[in-house]
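Letters are used for the chains, namely A, B and C, taken in the order the chains are written, and counting of residues starts over at 1 for each.
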Amino acid sequence: MVSFDLNHVIESQQFDRDILELVFRTADMMKEDLAGDRKLAKFLDGKIMASLFYEPSTRTRFSFESAMRRLGGEVITTENAREFSSAAKGESLADSTRIINGYADLIVMRHNEAGSAARAAEISRIPVINAGDGAGQHPTQALLDMYTIVDAFPQMNNLKIALVGDLRYGRTVRSLSYLLTKYEGIEIVFVSPPVCRMERDIKDYLDKYQVPWREEDDLSEVIREIDCIYMTRIQKERFHSIDDYREAAGKYILTPELVAQMKRDAIIMHPLPRVDEIPPVVDSAPQARYFEQAQNGLYIRMALLYLLLKS
Amino acid sequence: MVSFDLNHVIESQQFDRDILELVFRTADMMKEDLAGDRKLAKFLDGKIMASLFYEPSTRTRFSFESAMRRLGGEVITTENAREFSSAAKGESLADSTRIINGYADLIVMRHNEAGSAARAAEISRIPVINAGDGAGQHPTQALLDMYTIVDAFPQMNNLKIALVGDLRYGRTVRSLSYLLTKYEGIEIVFVSPPVCRMERDIKDYLDKYQVPWREEDDLSEVIREIDCIYMTRIQKERFHSIDDYREAAGKYILTPELVAQMKRDAIIMHPLPRVDEIPPVVDSAPQARYFEQAQNGLYIRMALLYLLLKS
Amino acid sequence: MVSFDLNHVIESQQFDRDILELVFRTADMMKEDLAGDRKLAKFLDGKIMASLFYEPSTRTRFSFESAMRRLGGEVITTENAREFSSAAKGESLADSTRIINGYADLIVMRHNEAGSAARAAEISRIPVINAGDGAGQHPTQALLDMYTIVDAFPQMNNLKIALVGDLRYGRTVRSLSYLLTKYEGIEIVFVSPPVCRMERDIKDYLDKYQVPWREEDDLSEVIREIDCIYMTRIQKERFHSIDDYREAAGKYILTPELVAQMKRDAIIMHPLPRVDEIPPVVDSAPQARYFEQAQNGLYIRMALLYLLLKS
């Protein structure tokens, strides 16, 4: 039996295969409990989670707060945490973390600067969960993504996974790439315009773990062979001209025509919010899993709260 | 026995007389429970309400959140829901609604655009309550207004009701007008400056339901004959000149002199907040019911939460 | 046995020695309960606290909300209470208070204008706690400060207390000064630049209660004789020139060299947030009590909620 020996959840690399399996089995348990007898409805009764958001992210915050409340815990919350430092004209994150330690049993932190959650965790006597730190990581998103893939393909045999869109600046595809190395027989296809290619550090990491990868420009080139398409949004700001953008964007929209070419048992994922990279008409395709994926965020976050606070 | 067969609360027109009576009897039950043995203090234990406010309205939000908590339910809340769409640079209300469906058991939505709550309700598997949608409706306000009138006049015989102030742009008087058609023997007097007259659609609706109405310019002309005065604020911006405003505003201030001319058993209502259209000295008049009316909002919202979530 | 006969907590002067002792013993009880069997974990079950913040102060708000939740109570919260008056273009604090009375069992109010909490308390049928009102008071801060001093020096014999920094504009040192008069044998040293001297009204109050006080310019002059140093931040804006500021600020930084000269059983306090007036290296000094002091805020606020709502 694997024990959950993490004190904090800061980055994807913390999770090895055994701990991933433990988290995913716990998420299964949460899903069953919510659909069933609610034995866990008061499990975290009396515990307090502090939602410490230095920038607003209502969707992520709601997911964590719903998870905490579904387990009977309480929440104190701010999307205005930046006020800690502005009011003080310079209070350190360390001091803020120490103070919150007196008020809560766990901190969920969203910050605009990479590395913030790790710095808070160094000081904190209570668990810190990174809910996104700037250009850094968003590990609970990576966990729910991986959980969705494992759920669809329990055997995880010879899966071909396309990561599509803005791979250079997209925090989610970077975090997910780390987790994909924990599984055998995965092959990755990076599909992006040249200006949005996946960064070197991730490619090196994949090489180190002997995960085969290749790069493609055009989604239509690979659509037939893929088991899992992970779509992300391409932001206009990345391109030198609006014409470049229009040309590029068209290649990364998952049209019904492309979906029709997909394997029947393939799945379509997206971290959401989407804009036009997946048209609403695709929602009814059997491959569409992105709303289920978002829902899995609740189970994963309940699982992490359970594992971090159960003792 | 009437059953509550509404899945959502979007507009006043949804409520027929039987359902109104059911809601009002349930509100009575809430009032008794709060004053008494609190048998319902844990009735919604384990349920989560999402307060999804696309624009701030602390008063309305507090009323709903207090109602949910008085019944033992939990709340996840944002006054920053606009961030859903801005962060995504265009996420649809449909997608946001689908996501929230995974986190909560009921949505209370305030939005700046008319029709938003109805669009969310089309998608939502969980109940949606419209807490005001721009120039559209604010049905829970109309319900608490109607509840206050019925409470004061249980027989509802031959009531003469003056709606006073900005009738053209005032959402509350429009929503209330729909509900007034459900009762017999009501006569409406619209009291407003010419630039703020009630719109044609409401007048047509009243005609269709054979509710007599007339228009007056000046509150002092009708003050003696009225059973219920519903005051609203006139905004300066409606007038062409500040002189026009000053002249008009004076005619729609409920001075102590006017109150002295009212029937003893008449009632004064106001959706609040008020500014100077009812001077504080009037608060001690026996006819003043506006704070009781605000308090009724709690009972009505508890009743709706109870009826929508009890199954 | 002293009974707690305060209906509201508005200013330090309300607290006499007996009530202070009652509050502090109750805070002790809270500390024990949190560390022990949690008999009070559901004590305020079903009660609702309204956090009514007219300006953001996440730290103070979190402290109150954590206190309420540690006692099993619920919270409705806004840092946007100013919206009450802006939306209404002028709703009175009295009206807002009346409305909130219908939604909650206790109000915690932070306001930008001195006297606001007192005005709300005049109207309110439910308890109001002042969580800071502009240049006015912050009585719960003063209580937690006093509690920290009494905890460190239970005999309170011949204590010499230095209040250091911006004494003219600092709300906390003013509120604490009132409480210090309730104890025998205390001597106060005001340490500040001439532009930030303590105001006359406080000096007169101390004289009236025969509390000896003197003024010093330089912390290093008094560091050896002090039992308790209460540091506060000096804001640049108070000085006529940046050179004046630099010269002054250096005299009010508690360097490790100064700490080395302190009595071993002396204590260092700070209301936090700090900027550079206490360098982080001092945190490990045995005299440092400022994080414990912040933590005491939780016990004091739990005690006040308990005492105000227990009946």
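As a working rule, a contact is a pair of C-beta atoms (placed from the backbone, for glycine too) under 8 Å apart; a residue touches a chain by one contact, two chains touch by 3 or more.
Computed from a prediction, not measured in an experiment: that's the story for all the values here.
The best fit of Cα atoms from chain A onto chain C calls for a rotation angle of 120°, in steps of 5. Taken over every residue number at the interface, the positions common to chain B and chain C amount to under half, indicating a different-residue contact. Centre-to-centre spacing of chain B and chain C amounts to 41 Å, using the average Cα coordinate of each chain.
Within chain C, contacts with two or more other chains are made by no residue at all. Looking at the complex, you find that chain C touches chain B at residues 46, 48, 50, 74, 76, 78, 80-81, 83-84, 87-92, 94-96, 98-100, 102-104. By the touch rule above, chain C contacts chain A in their complex via residues 38, 41, 56-59, 61-63, 65-66, 69-70, 75, 79, 233, 235, 272-276, 280, 291, 294-295, 297-298.
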